[in-house]
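The data blocks that follow each hold one structure.
Common to both upcoming complexes is chain A, partnered first by chain B, then by chain C.
Moving on to the complex of A and B:
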């Protein structure tokens, strides 16, 4: 597909944006909800990258996390449960010049929208996907989600969840064409910012799972991880996330992890205790679907006319009389 | 095989008209229906299509229908495995597949039996049957052939045994694959078609291959022609009315795809489903040449969501599907309605519910199209009535979708999808290709849903447009697109979305009545039944019957003036291919009878006592059947519109 000429024009003057240029309304999330931390990091990213608000779209599905676009002063698309990814793909296909972000929850992405998740990885369109994973359905009031730990008591599993939790990282890392996978936690905002920033700069679909707290339904679930820095495994690498000296004093459990090593990424991703935090995998050479599908040349009425007439020619039957003196088929 | 069951269902046998004898007389016909059938892969399709193309070039009216087995590779020589074409040729323009078949070319007796049992053959139909099976090395095959032959002859069919493969063997080593052009030659002889046009057609069809292939097929054609000239004692001629302008010959699905090209739409998102997919096959081949993309999504829901995303981002998008896929898209369609995103959805209907009859025609999705999705989800519903309509309806659909920021559903069906008919080659019009949407900066205070109070219309905001930033939502919202649960906002937005349909209705013209402006009976139809209904009405009017018909292209909203038109007729009925309960059933009465879809809509909206008749046999309704239904309705004096 091609772009309209107006999309190619550059603005010849500078614009600077402040945080307020990206802030809209007062978030209705609970105090202490991890969504607030993600919002703060993303608004900061928009400001630091000076993203033009009108050129930026946040797409979400349904759930607590999917309220996200309402709090951004950009374009937003708060659609239907599970379908944020295909909507975002359509937007990116039509307008590759837009910055496309997707905010989706563990129910939205890993349950009702799971088919789209797998295929979005495969399409590898250039967008940043944030999986807000609080391991519970929040908006519908506490039902087990696919990422709920086994044994978790919820309204639909009063005697404890029956199944082992699905690991979104290993699933994503198992899909052909995967190009960026990272994990962040809401209680280390500095690293979360660095990861989302790296995800934004990656060309292709960057998948960031953000393990976040749900103070309303699961206030104690992640407490052991919060209180014990040893239960966090920070992944650091000169090509990935660099840990600041102050953070390094708290988090001693660190590993040098090369983000180009897929096998090691899969192995590392499978753990939750300690929980790996950092960029697990990055491959900038995977082609993006929107580029594979882009035809050369500008789309014009004349081009459509020529294409259409060529097709009509294939199907035209000239009645004998008309054929005399008519152009050859 | 049971002696008596071969030709089931039993039918009236009529003694055949006497054959011309001695010098070959050429009988002039006003029309003829010809079938060419074979096992899959034996080329009957190509033969049939070529016959249609040659006749169309001569100026005959033509309607071809594909005969498709349900399986990809059905076993050879099986009753259910018939593959081929049914070609209706006429002296005038032909608008439908017509009634029973006059002449069949069959490459084996089993595929023929399938057609006989389906009741497709006219009593006394001429059958040109490949005779090689009579002496087949397998005694079971030879026996079944002989048994079938004897029964067909006894039933009054005029069967001619023809050694097609033997005759072809002199020319090609693989005679099984050459028979189809031999058959084309025979048919050219029998229907007095122009052999030079047939040679040209072969050159066109085989043009991509080398000259030797073309020459060989031309030779087969000529041998077939000569064989018929020497050995068959009958010959027909269908006068041609030469058109003065070029025609294009395509099926309904190709016409849809060409319409998408012409509409200027850039993205088509789809998931494979019969019988819609061939439109996307063709589009995939040609769309990129004009800068378009066919996206094969991971499922029907994703296809619709992708289309919605692309439309939202400024490029009005189409998604193509059939019944089951249409059901899957309902939630996403509701989102497009709620958020007022323009979207074109094509539903090439098939038999339902559930998986139903994937390759068969039915008009079962009208009510789903109008009332589908949850809540109050007003959308525009159009139906293509002809193959030409399939082309133009895509251009109209896009225009309406973008003018009103609405979902436009276009209904076609398996009958239109696989039939071919010549229609005047469209002359390109720049207005087809909608100009790019206005993306200039929005003034301060611009509202994304600034509903005009009289029409419900509002300007569409596109991402990228400065000043228009807002969050589109499927939740109830106010004019700023803010989530709003208050009673006033909810009613206001529902009100605005509903008004848009009325605003569109104000731009529609009353549809023309086919036949007289008043009379004893008005037959109302929609979709692919148009040609057959009008043919039946025309023939009855010639016999002095006061019957007319009305074809509806817009089902939602309906054009103005319908009540006045219906009021001018003594009786009104619809003829549709979706179920209605039969009044003659013991437990069916006025309190429980389920009406056909359009009849129900007309009754509800206009308070007119609209009766209905329907058939859901998976085949297009035949004009002869409609004639019978109309005569029956006219003959019942006790009923009249109050």
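Moving on to the complex of A and C:
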């Protein structure tokens, strides 16, 4: 509850931000890297939503894509490999007032962090997760990732990847409590922006897989999709993404897709040629873990200390009692 | 005129019994015939007694009727086979509780249940004890039991008010505690970063004794001193935050949930007089302003949004014109209890002053007797003049919540009482307790109910929060058969020949008056042998309105202790009171939209106009067909949008350009020439200055752009070396 005076004052002096206010440093990504497009779209979103930098946090793991927080002039947490999601969940639990974003790579999320990924979907905490899927370990110079296509030659698969690629969308759509799944491609920035914006506005965990080009290691991989608009299937719906007339002239391959239809979402998500782009699934009624589990009362130092003491006391061996042979309890 | 009628008329006109055929009613224990079924209230299941739920405000109804509580418990325990026994025992216990309460025994539901169970008839019975144990376990709540007596209105209102205050205090406390914590965190962080905070001593103190010998706190301190943080709190901010914390911690308005105002550390808000409440309000006003201001500033500080250059001036004269009503609503309301019986005209005027000042006062005016001696003297009694005046002048203000009700109807009004307590502004609750002390053996509940039935003390609510006009604000529907002058009920009886019959009987003001000892002289019993056809029901007689020597005499049906019917004739004084009462009721009806004269006049006019219209159109030709509606705006707009010329394709390919909306911000072109290519405010590339570079650079950028959205156009400088080859390379991108 905010006092009426405060509310009025805050509104009176609402701060307005420019895109530059969210920029920090010069990205060290290769020129032409798709991560640049994602960064631009996210900075645009922050500006358009006027997110207060001190109320916004970007969390990542390890990888090229995970350098993302460095380039945002907000709070950030460049974590450890595969653990972006648990860190983000902790932040959301402690500070539900913050806007939490997660940037993770296909190695970071689908390989070493796969367990966290599954459970984060099920916990459905309110945050926006962007999976930068370049289908390769970029930072460590080209090792196959779980999403690398079968047959891809890399440093770890010199004879070509043996296994069928994992599809992050269908995996996510298979987890209980999934509430938002979308796919974007970095080379259609307009739609990517709309998707990230919808993801941000969704209450719950919104999972956006962004097919991202890595011109450094896989310059040819996505060329066919890049140059043939027919290989992109735009999903449109009045409750989801609307395609602008100018874009509609380039991308003729479109389908009306109702984001509340889970079965259809799973079916659509399993294709890669043409690659579906848009909101696959959205269910705003799935409960968020942080709301189910809000601890009543204030987390004062006093209370935290008491809680810790009580926890530690369970395992404390009191020297006196131990000597007397009395039970520790 | 025959002799019988003559005597009756004489009584009617003069109030004197001139013949021995008429009998005074005092001592006969008569009551209105419609009360025949209410001889023993303890045998009836009705709204009372009430259970004032303990711990109210935690999402359960703060007050329930005893019957509802018992029914609720029964629903939980009744199983097939035992339903009859459990129900029978539960109802017997309930009746015992009623008997105890009627005998003046006070206590909580559980304690009365115990007492009821110890009545002799219950003790020996094993099954009964089983029923009791199960009923007890199934009770969902406990709390004080109150019957409909003189003290009930004040207890009920205070109970609901306390629940409401607790809710408010809990919300405000949560806010204040949160702010104190946030501000203390800021101060703590500041301390940790300060020189003192990084001293060896304070580092050591922060660490605790257990392993302190393992650390060199001097070294730690030296290290930390070197890494001095750049930003610390300004002195003024630190001082301000300290002051805020002090103000927030010293406030006396909201006790923590486990405390009450009883110990004097926090303000109390219940008062016995309007003047007392007003004094307290005035005295506390400065602290209230300080606290409201501190909360507002603290909120800004906690959000890191307090800017001295903007906010200092604003808060310097904060709320000089009073608090914002939304902020004021966070603070406790004052409960003022006024005894309407001893209230002088001056007291009434002062009370109105307080109400009209818009202060957060919830005022209960209790009236035990609505038949007050007339100000004109002469032993006349007038009907509730003071409370009526108070209620109507309060309603005339327009922004005061007004509720009037006899005590018997208060339980049904419980949600409206809560609405009045919650209303952001003053509220007046005017209640008639029914404990007149002049009604012989009638319990207060019945006297109050009679006042409601007889329109002597109608129930209504004026709630300014419900809308802008009387139609939405004024509520009259809790009065029985509100559309009639007097409510009508059916009375069943058996005649001398044991034949059953029923008669429709109106309950009028005269029925209310006959219950009052002071009006006994206005009534005379007519022995059965003298009953005649000139004796007509009061309602019919009131309808005639004729004065002078009447052909008929108004008469009441009454019953005695054995429920035998009696007829009682009524004098002119009582009839006059009834007529005045009806007038007052009719004007209330108008306010409530019942038989509203303005509306009826308008309706007649409109109907006439409408009939006129019908007559005219009947002779004219049929109306033309309706035109097809224009397409909805959005469809038209969408159509226009798709027809927009596509900017890119229309462009002359002579000129260099970029399909900016498709740019992926990949930096390729910028890396080639950041003067020629630039980013727009969405960080998407456009040709900033085509003259800032060469045609070669344009072509190379077009080749490098992975999404192929750079179109180099035709070279501008014909002398640029290697043009021929460049033009060929540019071909795919035109």
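Everything below uses one rule, namely that the second predicted complex is superposed on the first by the 282 of 329 C-alpha atoms of A that agree within 3 Å, B and C clash if a C-alpha of one lies under 4 Å from a C-alpha of the other, contacts with A are read in each partner's own complex, and residues count from 1 in each chain.
By definition in this document, a contact is a pair of C-beta atoms (placed from the backbone, for glycine too) under 8 Å apart; a residue touches a chain by one contact, two chains touch by 3 or more.
Here the structure is a predicted model, which means the values were calculated and not measured.
Return first, second, both or neither, reflecting whether A:116 touches chain B, chain C, both chains, or no partner chain.
Touch status of A:116: first partner only.
If we overlay the two complexes on their shared chain A, which of chain B and chain C does A:215 touch? Say first, second, both or neither.
It touches chain C, and chain B stays clear.
Please work out whether A:54 is in contact with chain B alone, chain C alone, both, or neither, and reply first, second, both or neither.
Touch status of A:54: both partners.
Tell me the contact category for A:155 with respect to chain B and chain C: first, second, both or neither.
Once the two structures are laid over each other on A, A:155 reaches no partner at all.
Where does A:187 make contact in the superposed view: on chain B (first), on chain C (second), on both, or on neither?
Second partner only.
Looking at A:140, would you say it contacts chain B, chain C, both, or neither? Reply first, second, both or neither.
Neither chain B nor chain C is touched by A:140.
So, does A:270 touch the first partner chain B, the second partner chain C, both, or neither?
After superposition on chain A, A:270 lies in contact with neither partner.
For A:307, decide between first (touching chain B), second (touching chain C), both and neither.
First partner only.
When both complexes are superposed, which of chain B and chain C contacts more residues belonging to chain A?
Looking at chain B versus chain C, the one contacting more residues of chain A is B.
Taking the two structures together, which residues of chain A meet both chain B and chain C?
Correct list for chain A: 1-2, 4, 6, 54, 298-299, 301.
If you look only at chain A, which of its residues touch chain B in the complex?
Its residues touching chain B are 1-2, 4, 6-7, 24, 52-55, 57-59, 69-70, 72-80, 83, 85-95, 97-98, 115-116, 118-119, 293, 295, 297-299, 301, 303-312, 315-322, 326, 329.
Spell out the residues on chain C that touch chain A in their complex, using ranges where they run on.
So the residues of chain C touching chain A come out as 171, 174-175, 177-178, 181, 188, 292-293, 295-296, 299-300, 303-305, 307, 310-311, 314, 318-319, 324, 326-327, 330, 641-642, 644, 646-649, 661-668, 671, 681-684, 704, 706-708.
Provide the residue numbers of chain B that touch chain A in the complex, in ascending order.
53, 56-59, 194, 197, 204, 242-250, 254, 258, 261-262, 264, 266-267, 269, 286, 288-293, 295, 297-299, 301-303, 305-315, 317, 331-332, 334-335, 422, 425-426, 428, 430, 433, 436, 439, 463-475, 483
So in the complex, which bits of chain A are touching chain C?
1-6, 9-10, 13, 18-19, 31-34, 36-37, 39-40, 43-44, 54, 186-190, 213, 215, 226-227, 245-250, 298-301
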